[in-house]
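Chain naming follows the written order as A, B, C, D, E and F, and within any one chain the residues start at number 1.
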Amino acid sequence: MISGPHILLINGNTTPAVTVGIEQAGRAAAPPGVTVSAITPPSGPATVESYLDGQLAAVGVCAAIAAQQEAADAFVIACFSDPGLYAAREFSRRPVVGIAEAAMLTAVQLGGRFGLLTPQPRLRPVLEGLVRSYGFADRLAGVQVVDWSVAAAAQPGPARSEAFLQAGRRAWRDDGAEVLILAGAVLAGLEVELAAQLPIPVLDPIKCAVAQAYALLLLGQPTNRADRRAVPERKACRGCPPELTAHLYRAED
Amino acid sequence: MISGPHILLINGNTTPAVTVGIEQAGRAAAPPGVTVSAITPPSGPATVESYLDGQLAAVGVCAAIAAQQEAADAFVIACFSDPGLYAAREFSRRPVVGIAEAAMLTAVQLGGRFGLLTPQPRLRPVLEGLVRSYGFADRLAGVQVVDWSVAAAAQPGPARSEAFLQAGRRAWRDDGAEVLILAGAVLAGLEVELAAQLPIPVLDPIKCAVAQAYALLLLGQPTNRADRRAVPERKACRGCPPELTAHLYRAED
Amino acid sequence: MISGPHILLINGNTTPAVTVGIEQAGRAAAPPGVTVSAITPPSGPATVESYLDGQLAAVGVCAAIAAQQEAADAFVIACFSDPGLYAAREFSRRPVVGIAEAAMLTAVQLGGRFGLLTPQPRLRPVLEGLVRSYGFADRLAGVQVVDWSVAAAAQPGPARSEAFLQAGRRAWRDDGAEVLILAGAVLAGLEVELAAQLPIPVLDPIKCAVAQAYALLLLGQPTNRADRRAVPERKACRGCPPELTAHLYRAED
Amino acid sequence: MISGPHILLINGNTTPAVTVGIEQAGRAAAPPGVTVSAITPPSGPATVESYLDGQLAAVGVCAAIAAQQEAADAFVIACFSDPGLYAAREFSRRPVVGIAEAAMLTAVQLGGRFGLLTPQPRLRPVLEGLVRSYGFADRLAGVQVVDWSVAAAAQPGPARSEAFLQAGRRAWRDDGAEVLILAGAVLAGLEVELAAQLPIPVLDPIKCAVAQAYALLLLGQPTNRADRRAVPERKACRGCPPELTAHLYRAED
Amino acid sequence: MISGPHILLINGNTTPAVTVGIEQAGRAAAPPGVTVSAITPPSGPATVESYLDGQLAAVGVCAAIAAQQEAADAFVIACFSDPGLYAAREFSRRPVVGIAEAAMLTAVQLGGRFGLLTPQPRLRPVLEGLVRSYGFADRLAGVQVVDWSVAAAAQPGPARSEAFLQAGRRAWRDDGAEVLILAGAVLAGLEVELAAQLPIPVLDPIKCAVAQAYALLLLGQPTNRADRRAVPERKACRGCPPELTAHLYRAED
Amino acid sequence: MISGPHILLINGNTTPAVTVGIEQAGRAAAPPGVTVSAITPPSGPATVESYLDGQLAAVGVCAAIAAQQEAADAFVIACFSDPGLYAAREFSRRPVVGIAEAAMLTAVQLGGRFGLLTPQPRLRPVLEGLVRSYGFADRLAGVQVVDWSVAAAAQPGPARSEAFLQAGRRAWRDDGAEVLILAGAVLAGLEVELAAQLPIPVLDPIKCAVAQAYALLLLGQPTNRADRRAVPERKACRGCPPELTAHLYRAED
């Protein structure tokens, strides 16, 4: 289908290899006739592991969405803390989906309580706060941590599979999780292996987000398109990324 | 696409005319190659307006989903209180979507707080309880009631349009709603008119649910398929609908 | 006392032996002059262990309460998930008490936090959801599971006593429970043994419910008796139990 | 019944006329064979309208319950902020019921959401906090205030009846209350008049509390009787009321 | 600075040795020119370990604050359950700070989640309830208990240091606490030792409270000074402490 | 005091005139011997009125705090949405205070429920979300909006005073607020006028934040100084502000 919709994934970090993996994962969930592609944001950290990383990622992600506004029908922020999600929704005239939110919205439709698997102890409170802010605190069975570096967690192999399978088993058996979410973009693909060995669904958040973006497109309603309350007047912004001054701010030295 | 997926909508009440409207609404959101059809449940009340109506509807809906288990790839419970949703998810080997849950999951991706429009004062506390149970209490701007009988609310025409438009304006202006949900299957189609005259998205929950059902199908994961914790042993059930005794219970006099 | 009030217990399942046990437990808490009896509902599953079981039980329970409306002064739904409670309260002109709700209302008056003892791992999330929906999430010390089949848990004997005593000790010592609730109708009677060996009160929910039903009768106020918002017009219902069409619906083929 | 149980009501304030009214209200809900009487505490303010009043009332109430420990089978704290409730439960070997808690526990069994009627604007945030602390925030329809002095509100007559009837109508019609609670001991008796003119139950909290006290007695379980965690060692207390030093503390100058 | 502000600490118990320790801790956080002193209340228990202790302490604390109203610029209630806090704020014309509330307000500004260290298992549910009532349930990492008597916990020495250090490590490593609060006035001073050996801040609540009291003084605004809604008319109070009848009540026999 | 502590305020926007006003307000609350100064961040929007403005402001604020890390003893983020607060706390070795959080922490110590006054309808849901995320949802009396442009609201004069006084009166009388917070940096100074005419305290959040920063300094504990969980390894960041690459990231093209 030549004129089919285009869903654009924005990597939250600036590591091109991760962008490639995100694109592959996204395409695996693309419906017939839908184009899925991924880009690296113009600015931001190499990985997103801290609040400060997230703040910098949010600006890069918003700049990318502003710059590509006419180039896609829907946007997916492909980073599990959903950096810049509310800000992008505010100015974008097309739907914006966050992979963490999308994964949770999917999980609650598949089971009672979901478990999160993350490679980093540091992210545990961040993830719990995210779950709470989306209203799903009562649906969280728990967060299971595999204490691996992000770099190590990004490399497929039997050791990684085994470590996450163990964590998944704990989530299922001890925490009572009825669905699992792989809380990290670098884990894409692992859900197939895990789902084959666990009695519950295992979700890749990137796939969930592509599916949600398409779901929003099916409804054919732009977001907040005419609600002038949502977007303030164009104003000066110092040191603003050029992608944002092009449309949303006036540049200022 | 001949072998495309089939999404089956189950009307929550036993009024065939409503089933027809549900099928039309559902088809309007069907992606290319997807078959959408609607059926009336084998038992249940003519309309769902009370807790008791909801209990009877739940059994009828579950019976229909059990009977059609092999005939569809995903199921949508098309009644705004989502009768039987958790029960159907428990036994169904294919995804089951509720239109109220689907509409709320959609709304929170399109704006900060959503408003509900309902024709019935009696349903206000029921709707508030539903919002709360899904975790979205903080996202509810309010419930606006148009005090019309369900029968009257089911008839399109300028008076109905005007009454709901007024309610939508109050939700937007007074309650601060950034998205509206038409909380009732009989209102299908009205969202187009309202969206044309209000500066915020207006959602038909049936369309949202079809889109969500397709989103779940894109992920290709059966629900809780092997988790034996979820489904108890087959046991005797007295006076059980034949659709349920056929597979899930043993009949008993 | 010949003209004393009559409290009718409705078993949630259709196993007559359980009805007998429920009646015994209820009579043990009956005040002087009060008649307590128990009946098996006209339809429903042999045991209630799943959401679907609960949906079927709810209809059977409501049918029984509708049929016995003039035969009793108050009704108790004797099944720990309180199936059909809100629906029965909606149409019944006499008080309706649920044993789970009654047990929790009692427990919070006897101690800070209560623990639940259940024979089934599968019921843990169901019980937690029930506690939350009644507003007592902050009062729940925890759910202790004794992994026995319901059938086994229904048979008194030293092994059962010991298993539940261990679970009760964990609830008291590890979870900090100050009151225990036996979360299951088949455990009736065990509370006496446990209370003799633990330093905290142990509640049988059936007794709690009989006491609550009598408490409501003492107030002499019918429930929602004239509030026409609560009950919709009599309407058609297909495949409706005869007990419900007799008074609340019009039968329809 | 000569040896029937004795329920003792403790007025929260030191105004004997209010104690008389409390005793009358309590007796109106007493089951056959049960003795209900009321006493004025040995110390405390003439009315309870502030946090400081409540602190002083709590000590007086606890002193009374300690002094009468052997003279009654159950105690009711008859003051709508339940002063000293948790403290009294801690040391009392017999059940202690608070009228506010008892009224709310009753209300949620009779309808979806309850409304509170109070004569004093100052008490509104106190009442809302109390509702929240008992876990019933989601069940509160609202607080309706009749701006009368407590003294005026304590005098029966057509003006009082009319004022509270108006407030009750607002609670029912505007707030959606399905049950009403008279939030104040001085309003005892008014519930009969209001219930006759409103389509929903109207609860006198004193009656509710007597019924709850009897419900706890029916269960035959002492409160926390052997749990040594609950009560600390006997220790010195300076300026302690003699009723408390007699049993619970050592006097100290 | 002769005319500098005076912050008065009120010990919650009547043990003079504890008052001395409180004064020392408070002075260690006093800003230049600020006078900090501590007094023992005129009445109350020797230690505060139960709800009843807390009720008696509240009256003693309020009496002290009423009696010293003109003698200080701000008051600190130096007992970790904040007895009498809301009551004292109601009548005091100068700021009143509670050490538990102050410690939590400080902790949330220093880290994501805080842990509480307490010497007493009995206090665990009390502390959890306090955290909840202040709105910080989501910020509590956990309560770690060192099972020592209060008397033992009050004696500095290597065994005490080691026991609390172990508890602090569990809070940091297992519960994920990013800040620790010593939940007890008898632990004053221990925070220096612990902070030297743990990688996270450790807070003495008395110091936090002195700092908060000074912060309120810097704003130069009296509390609720003219809001007549807050304080009721002067009324009779029987057996009222002389400090309270001197200003806030009329004495009555 | 020459070597006294230095509290540095970071304006959230890049309008120098607002920075001047912030410095004046901050100095008005500075304790003796404490230096208070304010700076404009190196980048960001001219005003902060939207989520996107907030994201850009957060980066500018964090850059300023990183650059001034050695130049001050504590930092205040002087913008009512607290942009970058959690991120700055993560890397800063000195305390970081947000004016919104500080104002709320102050307000709850001065009264039961607080009201917020804001000049902008658009900010209402943002403010409500902020209150909720800090745990004070139960303490919020309401948000009163004065529908003025930010520019107009920044100009002192009798019309502004009158408009905000009216809003304050509504908050006090209708919403039951016991304390008011001026939710905007441009309103600094107005709290004196309002406090003179209303019976409740009125808080300028900048003053509150300076007082809180000093309170944290009095405790003498660095934030999370050695907890390596909080701060990830130094990593590459593309297009990162030079203030951040200087210390926290490696620059990357």
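The working rule: a contact is a pair of C-beta atoms (placed from the backbone, for glycine too) under 8 Å apart; a residue touches a chain by one contact, two chains touch by 3 or more.
Quantities reported herein were computed from a predicted structural model and do not represent experimental measurements.
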What is the minimum number of touch steps required to go from subunit C to subunit F? 2
Show which chains lie in contact with subunit C and also with subunit D. B, E
Counting C-beta pairs in contact for B-C and for B-F, the higher total belongs to B-C
Please identify which chain has its centre, taken as the mean of its CA atoms, farthest from the centre of subunit C. F
From the centre of subunit A, which other chain's Cα mean sits the farthest off? D
Here the gap between subunit A and subunit E, centre to centre from mean Cα coordinates and rounded to Å, is 44
Please tell me the distance, in whole Å, between the geometric centres of subunit E and subunit F computed from their C-alpha atoms. 27
For subunit A, which residues are shared contacts with two or more other chains? 86, 89, 112, 138, 178, 230
Given which chains touch which, is the overall layout a line, a ring, a star, complete, or other? other
Could you please write down every pair of chains that are in touch? A-B, A-C, A-E, A-F, B-C, B-D, B-F, C-D, C-E, D-E, D-F, E-F
Per the touch rule above, subunit F residues touching subunit D in the complex are 112-113, 138, 176, 178
Hey, which residues of subunit B end up touching subunit C in the complex? 14, 42-47, 49-56, 58-60, 62, 84, 86-91, 121-122, 133, 229-232, 235-241, 244, 248-249, 252
For subunit B, which residues are in contact with subunit D within the complex? 124-125, 129, 132
In the complex of these two chains, what residues of subunit A are touching subunit B? 1, 29-33, 86, 89, 95, 97, 101-102, 105-106, 108-112, 134-139, 172, 178, 195, 199-203, 207-208, 210-212, 214-216, 218-219, 221-228, 230
